[in-house]
């Protein structure tokens, strides 16, 4: 159930039987010379929506931009400052919590979001704690994140079919998912040089570009295809649902 | 051209010939007992994407949540605090401006966004001005908004076919557009009571709910349908393109 | 009744019988080569104070600086960043609301303030809403704005006596009001070139100066005088009182 | 010269020969059962304006509300949070500095403003310093404050004529100045009980009210009158001018 | 009792019998060519810890960086922006207040901290006041500061033994305290030129360096030694305890 | 070399040959019924200072409070809101960077700090990036963190000597380090019930206390002692130096 495709009475009904919701969070940032800028946002949203559909879970609108300052030397990349993203997640959650949602599974598409996302949860916990200390109504808010690309089975699949050339940015895994989701948008990977991108730590955006001149980290995009994407999609959805069930089952 | 479905070299190419971009901004808020919560976000995004497609204009990812505090007494409604939305628009624009975008047409789906959106532009102008005063590189950023539902031709069409029962929230116009865009999601409007919702000014969310108990303002959703939606979509896209051309033509 | 010229017991008494207050909000910004920088602040304050006097309404101290970034290329112009102005209005209102004021009519002297002023109201509504959600005491705060220059009768008068040369910045209407209020401060308008200033849209402060080199927009200040000002003052006060009555009468 | 009663070319002319400006800063807060809420704002503004008039110094619009949280248990008192007041002073100064003002004498009417006012200066210095570190154009901004009631001669006069019953809040000195400035607004001081208010340290607003039940601290308002006020006004203006000259003469 | 060297049950026990706590606040900033950068932080912490030890008072961890923007032209100096320091003090206090601490004596080592520290207290009072206005649980928080170097007896001692060459920054008094606390770290003062540093007002960091080229203000560090430091330490601790007792005794 | 025990000329000299600095960051939070509240801050600071001493690296003052909201239901625990901690780290780094420091190794004592610390680095990178985009002087700032308890050799040692009863909060490892550093402060662990604390995930502070009633997570503090602490200290210092060398060697 997508919240954006529900009416308010439908959400009210849903809350009678569940306090859980899935929130996609992505990023709009370069994914190498052949990967699409929306990869992280679109993959996370697709996995979340399909998980919601399969299990009747409410899915909030996705956060389409993330924390991606290190990609800003590549055209089209966007980023929130961490302080902005904290405010965004805080408002996203606070609004939903006002209606009664209490368990939030974030389906995340971008590694760079993780620290700020967790910081946002802490910021919310601080605010709740202080309100409670002042005699306000407490809230039992709980958060979890499923980084779809890092699920055990997803990783196992990628290791098996892509090996080390899966890479760590603009990976074969996420590019495959995009081939599956947007089959008409696949840019050619012919002529990529080098075929497998270099691997190296990076610091700020200028440093990133210096050590990763075309934006890829360690990946060979020519290995990606829609068949792998379809299989990965199914695994990622299953793993997201597993994470959701664990969150809901906690006492 | 959707930025999220482009690669960074494609964005770099685009910037060779144009400095303009369209940014959809919506809201996720109740639209009466039969309207979908995502109406404002999904309509704005659809109009923007189609406009971009027709005229080869880059379209940024849409802002899916807006300033909708007055709807917060209805389940599922979300809102940014204005201060958060200002930061969001500021980061959205600043990131794109870093790559060279200088003309921003916001295609807006929600009246409640307008003041805060304009405030955000002023906040950006303040920041630019102060940087320039300190000797920093200036930026000639220009902003405009097309409230798709308020275009001359869109309004004329709605006046003609819906008359006063178009209403001012959960309007027949926007509900028709949603019927057109999401034909499978249309909840029944049978049994709405009263058929035409009351019209009244409102202040905060509690007041809104008191004077508009089911969330509609002045509208009769039973008049909405996909045929009208298709026609309105086409008009709205045309008007958005007109506004974009004006913005780009200004000296 | 000016709050600043009242004692605290007098304010306490006033609150026994009324929850309404008028808040002037202006701007300190260039008004063309002959208009005074304080025009928007001083006109708004004068209209508000006179309205309060006539009808026994409490009048808060005025906000003397507004959102005027687009005037910053002219010496002496001042501006709040929107984020600051939101905090200012928020503190202004929150302090007064702590004592029991609940209906706020802002008498505004500057068009550029409107979006940020409304954003500030929304920010306050968000804060109130969240406090209520946490079990805090609700507040039924209501806000309205009277843009004194845009009242129906004020506009009718200006249309009649100034015609199109009233302009849209440094207008004959506001300059006349200043002649009436500050008869000794009137700079000569002799030799203005062109007599009627150009009209054109603008974006940031540099653009404004380029298209409006002396600061005026469309006006011919030589048409302004104290007699018109006196008449406009009376009309503006009457219209402000009408707006206040409507606000107080709302259920 | 009041900036609000100048045109932008007049300010431009002024800046040819001077970089100095006087900024009044006051407060709107209870001044005991007979003192006017605007005492601190109106006294500071009057002293500043007269000083400007005598010596041809530009005077900015005054900040009418200050940091007065400890007075908030008395009806009509207003306060900025310190964080807001810092932003206000920062924008006030930054706007004026953009035009070339570099020396700011604040004529202050309220002791509670001092720490936050100084913090605001430091905040501005931090911002300037960081901009300079990044290669931005430096600014030689200098700030000073004249607390009009605390000038050597003002204090000597008050000590002589009022003795200890001058008090430390709602003092005979400031009430006298208000009698002089607003002779028609003087509430009677007959029947004040006790005639001389208690003196005691205070912490927050509730504590203040407990130890100072009618709002006065140590003063006997019946000693105040317009004659003393007129004399104090003259002394305060002279001392403010002396402080301004010192500021301008510093290397 | 140092809070950092206590267990949580020990703190819980302490709160059974006392609501008071001492908070050291210092600065890390240049102290002339021979003074250590940590002087203000280390002196304040030492005085606070010893006071806590003598009288069984809980001592919070110290704030090691303060507001010292005017020292930033000397290598190694650090500063909080005032807005950051306000947030720091606010969180420091709010966390401790959540457990029941209500009386806070700040033992301060740096004059430049005073305005911002007081602003932070006001910010906390504003927050408490607003929470109470909304029906939240009130808090009777009280703050005081002991500037160790400015206690009556400390000053008397320094006047007597150092005379005017004590100076006002990198003073003989604080340098002596550091000699006593860190006897192995004493840099030589041989060859200082001039022996007694100049005295002069300053504005921003560049101005400070211009008028105080080696960082000292008015002091002759060669007069400082560990014996004086030991005596001053004892006096400062005694005065801090006196101030604490006064705070606790207030009704 | 501790920065706080250096003079400004010494720091200036240091910067001639190195751009690297170590910054300790800890937390003040409950460490079970027998662990000291300052464990995370004091361990991090000690490891950092010793590392600096051994290798002649400058060590900044430590940040004594961290992000520890989940411990706030235990007396004496303190926390920064993430937004405050981001500002703190930002000011800490910005001040040092102004003097020329460019490589920052944070020696961290608290797992809960990690996301916010990383968010702070991103916030700084955003600020630097935007300044550069505006033409400002770039900065090649690089950050790394050494979580002393999580170094490969530290973990190996703890696994070997403590096994699973090392736990994950108030661990035998960190308690041992505190025994070593503060041998006189060791509270008895006799009678702890259960001897090995339960292990469980947690969400907010109330949940934490419910599942970890005495504050420990999985540890048996009776296994900790000063001998193990001494050995761990040495290993942790060695690993921190290794991490520093890697950071400095990166191109």
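Note that the chains are named A, B, C, D, E and F in the order they appear, and that numbering of residues resets to 1 at the start of each chain.
Quick note on the criterion: a residue touches a chain if its C-beta (ideal position, glycine included) is under 8 Å from a C-beta of that chain, and two chains touch if they have at least 3 such contacts.
Please read these numbers as outputs of a predicted model, since none were measured by experiment.
Hopping across touching chains, the smallest step count from subunit D to subunit F is 1. Taking shared numbers over all numbers used, the subunit B to subunit D interface scores under half, which places it in the different class. On a Cα centroid basis, the chain most remote from subunit E in this structure is B.
Between subunit C and subunit E, the centres computed from C-alpha atoms are 46 Å apart.
One simple way to say how far apart two chains are is to compare their mean CA positions; for subunit E and subunit F this gives 24 Å. Mean C-alpha position of subunit B lies 29 Å from that of subunit C. Counting partners per residue, subunit D has 72, 79, 81, 83, 98, 129, 135-136 as the residues that reach two or more other chains. You'll find the chains touch as A-B, A-C, A-E, A-F, B-C, B-D, B-F, C-D, C-E, D-E, D-F, E-F. Residue ranges of subunit E in contact with subunit D, taken from their complex: 67, 69-70, 72, 79, 81-83, 86, 112, 114-120, 122-123, 125-129, 132, 138, 140-143, 201, 203-207, 250.
Of all residues in subunit F, those touching subunit E in their complex are 2-12, 15, 28, 30-38, 41-42, 60-65, 72, 74-81, 83-84, 87-88, 90-92, 95-96, 98-100, 182, 185, 187, 215. Every residue of subunit F that touches subunit B in the complex is listed here, in rising order: 129-130, 133-136.
Contacts from subunit C toward subunit E in the complex involve residues 94, 98, 131, 135-137.
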